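Here it is: the structure, laid out below.
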Amino acid sequence: MSNLLSVENLTMKFGGLTAIDDLSFDAKNNQITSIIGPNGAGKTTVFNCLTGFYKPTNGQMFLHREDGKISLRKYTDFKIAYVAKVARTFQNIRLFPAMSVLENLLVAQHNELMVASGYSLFGLLNLKTYRDKEQLAVDKAKYWLDIIGLTHRADDNAGDLPYGDQRKLEIVRAMCIEPRLLCLDEPAAGLNPKESAELNKLLKFIKTEKQTGILLIEHDMSVVMGISDHVVVLNYGKKIFEGTADQTKNSKEVIEAYLGVDE
Amino acid sequence: MEYFIQQLVNGITLGSIYGLIAIGYTMVYGIIGMINFAHGDIFMIGAFVALISFIIFGLTGVALPIILLLVLLIAMLFTACYGWTVEKLAYKPLRGSFRLAPLISALGMSIVLQNYVQVAQGARVKPMQPLISGGLEFFKNSDFIVTVSYLQIFIVILTIILMGIFTYLITKTDLGRAQRACEQDRTMTALLGINVDRTISITFIIGSSLASVAGMMFVLYYGVIDFYIGFLAGIKAFTAAVLGGIGSLPGAMLGGLLIGLIETFWAGYVSLEYKDVAAFSVLIVVLIFFPTGFLGKPDIEKV
Amino acid sequence: MEKKDIIQSFKDSLFTGLIALALFGPIVGLRTASKGEGLFITPQWGVVFLLVGLCILGRFLINLNSARKTEITFFSKFTSKFSAITEDKAKHFAITAILFAAVFPFLPFTDRYFMDVAIMILTYIMLGWGLNIVVGLAGLLDLGYVAFYAVGAYSYALIATTFGWSFWICLPLAGVFAAFFGILLGFPVLRLRGDYLAIVTLGFGEIIRIILINWYEVTNGPDGITGIPRPSFFGLPFKRSPDEGETSFHLFFNLEYSTMHRIVFLYYLILVLALITNYFTLKIRKLPVGRAWEALREDEIACKSLGVNPTNTKLTAFAIGAMFGGFAGSFFATRQAFISPESFTFIESAIIVAIVVLGGMGSQTGVVLASIFLIGITEMFRDLEQYRMIAFGGAMVLIMVFKPKGILANRKPTILMHGDKK
């Protein structure tokens, strides 16, 4: 199995505070890799570095695609999603609450639709080429809504959905940009066991049917242990363990980090 | 050379006035994160209250220093009421609302205040006889005599005193601590038993009082006011607050001095008509390139 | 209701009265007036006591109401019902309104005065619709919109007086200039946060005005530009006595000469321009760029995470909004035949922002209603000029406090998967 993401010697310092210290790990293609660790370990910081919100102090992050290896350091802002094709979701769900579910999914397809609308010109003239492309976009949205069972709510405001559904919507919205790597920041937060199980199903589907690599930050061990192919454990900004889910469960270092050492 | 020094003196005086207004902006921004668009008009009201008080006391035979002190206190008292009321009416109800709501409300309040004064006092400019005249002269033998008027000295010294008092207030007292706590995390501060509403109200009262002092100085220095002075002075003072670093008290004064100097030097050496353009341009340049200003804290948005 | 509630209300009201006294006492009570070289004071205690009394009474009533645990939601309920009805019948309302507007000049009571007011209202409606793109859709608070209005007006005036080209050529050119200005302005500032952006745009508006006043060589300074060519009916001028080789409008159509002809033409001109602005907005909301504007307004970080380029998107909104402002400016120039910097003050920007906000950000119908209300009614009460501005500002504060989303804010999705459910 080939690498999708290689993080090499990543270091992130905020003034005197070192949030991430010389972190290296790999995430493979078509796998779900989870990053876990106690609070403050630096997990979200890693995400923010990967997705262009922070500029790392040191180190490299490479995304391996069919057309070669690209360095994620070069892409900031919206280019991470647009060019590098790395999508992410957020700890505090960031939908467009006053817009409908369908519209949320259409915004995700903004860039193709812009070109299709001739930068609005074809759209203004109501040309068929644009209308067809728009219909395709709506179909893609319907496809994902069918998978998460929200098709009947396509025209409702995204902000009106229950929490668990909003979560799922945010994830499929990210999928609408057809990413190579999907980064999910605590997707199971606030979900009850039934919803967590549905989440697992969705993520496994994405992994196998969509051939998208998934990188996951999580605290909920039922999710982590249930679906991860690979686990990276951080503590105080350093990697303390890397292995399969089972190996992680039984690793002495991990247990110590979470539960402490017997005095 | 002498001309330069004169502009320097003038600039520092003007800068003190801007600085006092700027403190109001910066304190309010620090504690509730909004630009109090109506603050410039509070300054204007302070100027009017001062003017009216001067006229009334001028009719009595009281000595000048006592008049100055009385007018100072009166202006501060009444203007503080305005600041307090504006906060209660137009900002407090909007504390949880979307970002632009308090700004639009402040805009509305500014329009109300300007026109309210226009209706109540008439649209004409209001002149006043100079109360403090005379000054010290330097470089008497050169082509250009530098005059430092007693009024200018009074303004600067009063500013220094007020700065001292309020810096002490902010750093050493409970109120100051409560204020800084509110700036950092309002919810937590409330949970710790601090009366957040009262702290915010007091912040507005302090800001308005200082603005009223600036108003009084403006009346004395320029001798003529109208209902529109708040708009221009407000923009410049806001520029000063941002330049010095929004949220920082010494920054506001520093920014004020800088803006005062820039405006005076521009008017003196380049062009009088375009001096306001200079101020606005500084504003734009600062906001685009130095949004945290000199002494401000960087604003990192958490993702 | 308990006695202690009443006592508390009473105490509250007294406190309110005290504050009111402090507020109104000096400023209202001691009116300064000029006498010779100085000022003297005229006491106006009557007004003060009236105001203080009103405040006390008002406060007491509000407290009683709250104590009885019944909320004053009258205003909210009224506006909610209102917006529900108008939303329901939005299409009917729009068609009725357009029909009414189309026949307005020919109604029996419509005289020159009403036509002028109608033209003014329509101009503000167009400006409101133009700014609605920037503020309402894209959520960018632009407090300097008047700058684009001014650029449009002055470009039109300068081109028309220098080159003598017709309205139909100068209008698009003016729009292009304004759009260009919009890009120039927008480029450095659009990454600023909401409140900073507002102040910077305000600054730009003022800079433009100061330049217009002082750049004598080009703009003629405070004297303004006169002799701007009046519009013609596709080549037929509206003149009583046409020049050599020209036929004027009234002669061509065999009518008695009347200045009303030109006014009616101007009326239809602004009506058409405004409707074009509206049509454009309605269409572009359904296109990707329109949706991106609204998404940016909702959550910029989420947009970035989906690959939307925020700067370009905002710039587009800014430029298009500017362009429509420019068109409105051209119209203004040709209607007045004379422009000066006095017409382009910050207050104009504030009024247009007020119209957009009061109407409900993003609501086209709301802009119409707000314009009619604010401009129309206050035009009728011209004498009470300053009172109307107080009411204006007060309305802005009240709307924000009670209904921050504006009177008619009710967003319908731009595209439906399941079609109309009715």
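Read from first to last, the chains carry the letters A, B and C; within each, the first residue is number 1.
Basically, a contact is a pair of C-beta atoms (placed from the backbone, for glycine too) under 8 Å apart; a residue touches a chain by one contact, two chains touch by 3 or more.
Keep in mind the model is a prediction, meaning the values are calculated, not measured.
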Looking at C-alpha means, what's the farthest chain from chain B? A
Central subunit by CA centre of mass proxy: C
Would you indicate which pair of chains has the most C-beta pairs in contact? B-C
Dist(centroid_CA(chain A), centroid_CA(chain C)) in Å evaluates to 43
Centroid from C-alpha atoms only, then distance chain B to chain C, rounded to Å. What do you get? 30
Whole-Å distance, chain A centre to chain B centre, using C-alpha means? 48
Could you check chain A for residues that touch two or more other chains and list them? 90
Touching two or more other chains, which residues of chain B qualify? 303
Name the residues of chain C that each touch 2 or more other chains. 301
Please give the residue numbers of chain A that touch chain C in the complex, ascending. 51, 77-82, 87-90, 94-100, 102-103, 106-108, 110-111, 113-114, 117, 119-120, 123-124, 134, 138, 141-142, 151, 154-155, 173-174, 176-177
What residues of chain C sit close enough to touch chain A in their complex? 280, 283-284, 286-289, 291-292, 294-295, 298-299, 301-310, 411, 413-418, 421
Using the touch definition up top, name the residues of chain B that touch chain C in the complex. 34-35, 45, 48-49, 51-53, 55-56, 77-78, 81-82, 84-85, 89-90, 93-94, 97-105, 107-124, 126-129, 231, 235, 238, 242, 273-274, 276-277, 280-281, 283-284, 287-288, 291, 301, 303
Chain C residues touching chain B in their complex are 19, 22-23, 25-28, 30-34, 37-41, 139, 141, 143, 188-189, 192, 194-196, 198-200, 202-204, 206-207, 210-211, 213-214, 301, 346-347, 350, 353-354, 357, 386-387, 389-390, 392-397, 400-401, 404
